[in-house]
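Every chain is named by a letter (A, B, C and D) in the order it is written, and numbering of its residues begins at 1.
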Amino acid sequence: MSILVGTETRLCTSGITGREGTFHTLRNRDYGTSVVAGVTPGKGGQDVDGIPVFDTFHEAVRERGANTAMIFVPPRFAADSILEAEDAGIELIVCITEGIPAHDELRVYNILKKNGRSRLVGPNCPGILSPGKASVGIIPASFFSPGNVGVVSRSGTLTYQIGNVLAQHGFGNSSIVGIGGDPVPGTDFIDVLEMFQADDETELIVLCGEIGGDAEERAADYIAEHVTKPVIGYIAGFTAPPGKTMGHAGAIVSGSRGTAAAKAQALEERGVRVGRTPTQVAEAAITLLRG
Amino acid sequence: MDLLEYQGKQLFARHGVPVPDGRPARTVEEAVAAAQEVGYPCAVKAQVQIGGRGKLGGIRIAHDAGEAEQHARAILGMDIRGLTVHELWIEAASEIAAEYYASVVFDRSAKAPLMMLSTKGGMDIEQVADEDPDAIARLHVDPLLGFQDFHGRRLAFEAGVDADVVRPVGALLARLYEVFTTEEATLVEVNPLIVTPDRGVRALDAKVTLDGNALFRHPDNAQLRDPSAEDPQERMAAERGLTYVKLDGSIGILANGAGLSMSTLDVVAEAGGQPANFLDAGGGSRAEAITSAVEVILSDDRVRAVLFNIFGGITRCDEVARGLIEAFRQIDPSVPFVVRLDGTNGEEGRELLAEASLPNVHIESTMDGAASRVVELAARP
Amino acid sequence: MDLLEYQGKQLFARHGVPVPDGRPARTVEEAVAAAQEVGYPCAVKAQVQIGGRGKLGGIRIAHDAGEAEQHARAILGMDIRGLTVHELWIEAASEIAAEYYASVVFDRSAKAPLMMLSTKGGMDIEQVADEDPDAIARLHVDPLLGFQDFHGRRLAFEAGVDADVVRPVGALLARLYEVFTTEEATLVEVNPLIVTPDRGVRALDAKVTLDGNALFRHPDNAQLRDPSAEDPQERMAAERGLTYVKLDGSIGILANGAGLSMSTLDVVAEAGGQPANFLDAGGGSRAEAITSAVEVILSDDRVRAVLFNIFGGITRCDEVARGLIEAFRQIDPSVPFVVRLDGTNGEEGRELLAEASLPNVHIESTMDGAASRVVELAARP
Amino acid sequence: MSILVGTETRLCTSGITGREGTFHTLRNRDYGTSVVAGVTPGKGGQDVDGIPVFDTFHEAVRERGANTAMIFVPPRFAADSILEAEDAGIELIVCITEGIPAHDELRVYNILKKNGRSRLVGPNCPGILSPGKASVGIIPASFFSPGNVGVVSRSGTLTYQIGNVLAQHGFGNSSIVGIGGDPVPGTDFIDVLEMFQADDETELIVLCGEIGGDAEERAADYIAEHVTKPVIGYIAGFTAPPGKTMGHAGAIVSGSRGTAAAKAQALEERGVRVGRTPTQVAEAAITLLRG
């Protein structure tokens, strides 16, 4: 098994006719993902390298049975595209787009929560990779192989770095989930921890956090109560000064809150080993999985 | 995007939040003219994006034109915690019967706006929160419902505001919420929110943070940015579309992606070095972006060595190598560079660098190794 | 509250829904002046709250001042299905490339606004709905989310509007939704919504129903009521705060509560009579209200007998009896009354009536008995 | 048993210090309802004939354990008062107020549905009476006695009329529920049918409908599928002309929809006996319950 994406995925990309949309959709298809449709209003009836394009998600669902959406439209159109996908009955919506207004994210989050029929991953995330099965997003899939380590991360490239160090030490992955670095992620650590805990294939979980917010602290509480599989933590941003946004809209330390030290401490107090560098994460994995 | 007090108050006025009459001024002459218009006594207030200016002499009361001139002259150009005062706000002085605190905050944990009201206004609210948390009434507003009259009443009654101002305080909170949502702010704070002797309520200060990602929907607000308050390097980076944060150390750092960039800073610090900056070259970094980034990093003259830490995903390492080679052609840096290229097209990138054999550029194969090397190089006399 | 076309269009214009340029007129002279201002050709349109006026000659095109005068003279004062034309709307004539239909309806079953769009505009939409239901694209808008761009696109694509007007039609739907919510309408309908030869979109008609209960929040709209279009008895009742609907029969009816009032009508009809009106004296009816109600009922000269059917809850039967006695003192009706009083203070009420021994007033103890009696009395020559 | 209100009811009236609010609250208390509080902003600390008044529902819940609200404030304040009661955790909100703007009702309905923690009965309804136990609202309780007939109605006085005819024939009531005549009632026939079906004390259900909307048609479908107890229907408005609002905001026939004939037919087709007059309803009850 794996989580969120796999052989059952039927992908539809919003913004498929854009440069980035086309490039990554085709890369996902090359990897083996079942890409069934794209959506670009006004370009219905066209195709992108054989992938049919529709005017609306509703048509993509009706005509092609799409169940997963990848959002690649510019930030000012992203909220609308997510809401359309949800309205059309898409179960999993992966939003790659960066720079979506915070109030749009708030609205989208609360509407999806109210209706309870779709899961959003992101926005501002690299997507999800289940090695050997499917890739939805921009994760460079060739660096990863199937295995028993589940990775969940607020960051993109940092995930690749950690995944790469793990791979160099011989570990493969069940799934790699980028939840994104924005203030209001559709899916948070706890959601993914729950899925990894329930996933047969996952034997170890790596949680990659960063400064800002309290998602890691809440994850620590959840782990203590609900996760029996071993978890290794990593937090980026020990050297970040307060009050400065560190690239991700969510990565900001305000007052004494949201510091890397506080997050690492919260995890460690609940028995989660926290690596100070990506290399230490791999070393901890060796200890935990190979004794 | 943090607004200056007077910019916040102008937004407030647009949404019906009562504020004292005032005028902005950039020179002593403008300040005196503004004081004449609003009348005496008036407050001459330094416009800087930092708290505590009152105690540092950044707010003074003028009773006549002579005092207005004297205060404006004293405050303009003043240094307040590292920020130079370029602008003043001259406003009618207010009589104060009570000082409250009110705010709307974008609460990421609750995924909802958080409203707070306290009768302990005029002081540091974080201190109140620590010492007397019950003195702050709080509630979350369901963003799908919006602010309702009962929210205002409940906050007012629970905070214990004077009975005769429950209604106007509730109405003012409704207006603050409107500012928060329609202007797409992430913070709207009024401290103090005052009650006047004639039982009016009024925002005596304004702290507003707007969401930079939403400015495309608010062209008026997009004009408000005050570049004079920003660090020159940060401004230069922003103009080039780079995310750059200046720090205090000597090691310039470039990485791709916010998480990896922060991690790189940490690993350098772990190795005993002091980062000079955070710089995320972004996803899909192209050669020109890399050249620009090198210029920004080197414009900080405390930088004694530079670390490039790239893990290619969308970003292609050969593009990064090309950018670095071009930067060296244009700039000819005088400090050593340590470069670690991994991921997409990593081999091609490393080959390009090897062929170019740039002076004083050291190639490392791991992040840890690169960090140790750059710390060592920066420490050399 | 149903608006006239031109009132709806003025609301539309306020919310950015494109409408042809036009002017209202109440006299032939005003009409000619308006036509000069909007230019020729222009449409002279009867303003009545009823459909199908075009086929009955209520809309005519004028190509010059002579025709404008001629049409205005013909239409003003015209009778259109029982309504007299008191007002005109003179608007620039539009060239039409396509006719669509668009509406926002308050859908009580779904508890959400229902939006509809069809390319079969310009005809009776109920007929389209019956004969070719697939020709109407429909969707509900979640009132907590509001109208989103994708709603407009989806309706436009599903209705099959011409590809080049998908965007402007979507934008117009967004504006119609804004009219619906911010003006608190229960119906906003545009038929036809036209596409002009230069590919603009425009509302050529406007049918707007506002929620009377919300008018306190919309003082401008509260001014729009056109009493000339209402039945004089209904107007009289409204001024007295009574809910009165005029019907075609000969038996005047007063009951308390909407449900019991309707039921009383039904029981009278079941007994072979024809109700002259619906009149709900309301909960807690007091004596003055009853007196007023009697005046309203008797102002319809077709009434040959009157039935009072009261089941007291909040309403006290003794109050009703007192009101009736007072009405007889003031009016001295010439038709027979049948009175049934039950519920709160029923006995007291019946005693009061017995003591007063009003002429031609018959007391009955059950609703069925009262209905039979009043039918019998009304049938007497 | 009974439904919605009973001995467990702890009532708090919004607008208790108004003329009508005071009058009916005290009547409800006289009947035996446990009235624990009232709410009038700015009058907190006062009392109404011994009933403590609070500034907010939150205080009434915290201080007095109120679990039922009765809304008596003028229409422009009613939506806010309902939302406050819901926010404070009141489980049952009975709104008597008439003339609430339709868009307010829409908003209130959808928020309560989303949160799923409070039931609203009304607005524009006479309230609920469980004879011998509790009365919340303005139903003249003295005309009714405990028994086995459950009544649900869109109308007030019509309910009294029908209840009175039943009483004259010796029937008592488990509960009488007025759901109100407005376009967007918080509770509809189906909700109440479900409760009566589950209520041990109720052996026969009387459903009192009227013209407008399709609530009776939907109730007919529900009865056919889920209600095993006998149901008698009554519909008011056979003589109502199309396009005219008949007193209740919801009572209007538009086109061929919402007529009394169509509603009666829908019920009869699903086996529900429909009385043409209140008297016929009582006669049907005799036939069904006494054979």
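Note that a contact is a pair of C-beta atoms (placed from the backbone, for glycine too) under 8 Å apart; a residue touches a chain by one contact, two chains touch by 3 or more.
If you're wondering where the values come from, they're calculated on a predicted model, not measured in any experiment.
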Checklist line | Winner on C-beta contact pairs when C-D is weighed against B-D | finding: C-D
Notebook entry, point to check: Based on CA centres, what chain would you say lies at the far end from chain D?
Noted result: B
Check: With chain centres defined as C-alpha means, what is the inter-centre distance between chain A and chain B in Å?
Finding: 28
Check: For chain B and chain C, what's the span in angstrom between their mean Cα positions?
Finding: 56
Next item on the list: Provide the list of chain A residues touching at least two other chains, using ranges where the numbers run on.
Entry: 107, 111, 114
Checklist line | Residue numbers of chain B (touch at least two other chains) | finding: 142, 144-145
Next item on the list: Could you draw the chains as nodes, link the ones that touch, and say if you get a line, ring, star, complete or other?
Entry: other
Next item on the list: Would you please name all pairs of chains that touch?
Entry: A-B, A-C, B-C, B-D, C-D
Check: Along chain B, where are the residues that touch chain A in the complex?
Finding: 106, 108-109, 111-113, 126, 142-144, 181, 184, 186, 211, 213-214, 216-217, 243, 245, 247, 255-263, 265-270, 275, 278, 280, 283-284, 311-315, 342-344, 366-368
Note to self: Touching residues of chain A toward chain C in the complex: what are they?
What the structure shows: 41-42, 44, 55-59, 77, 80-81, 83-84, 87, 107, 111, 114
Margin query: Per the contact definition, I'd like the list of chain A residues that touch chain B in the complex.
Written below: 20, 75-76, 98-104, 106-107, 109-111, 113-114, 126, 138-140, 143, 153-161, 164, 181, 183-184, 208, 210-211, 213-215, 218, 234, 236-241, 244-251, 255, 260, 276-279
Notebook entry, point to check: Taking the complex as given, what residues does chain C use to touch chain B?
Noted result: 144-145
Notebook entry, point to check: Which chain C residues qualify as touching chain A in the complex?
Noted result: 142, 144-145, 148-150, 153-154, 157-158, 163, 166
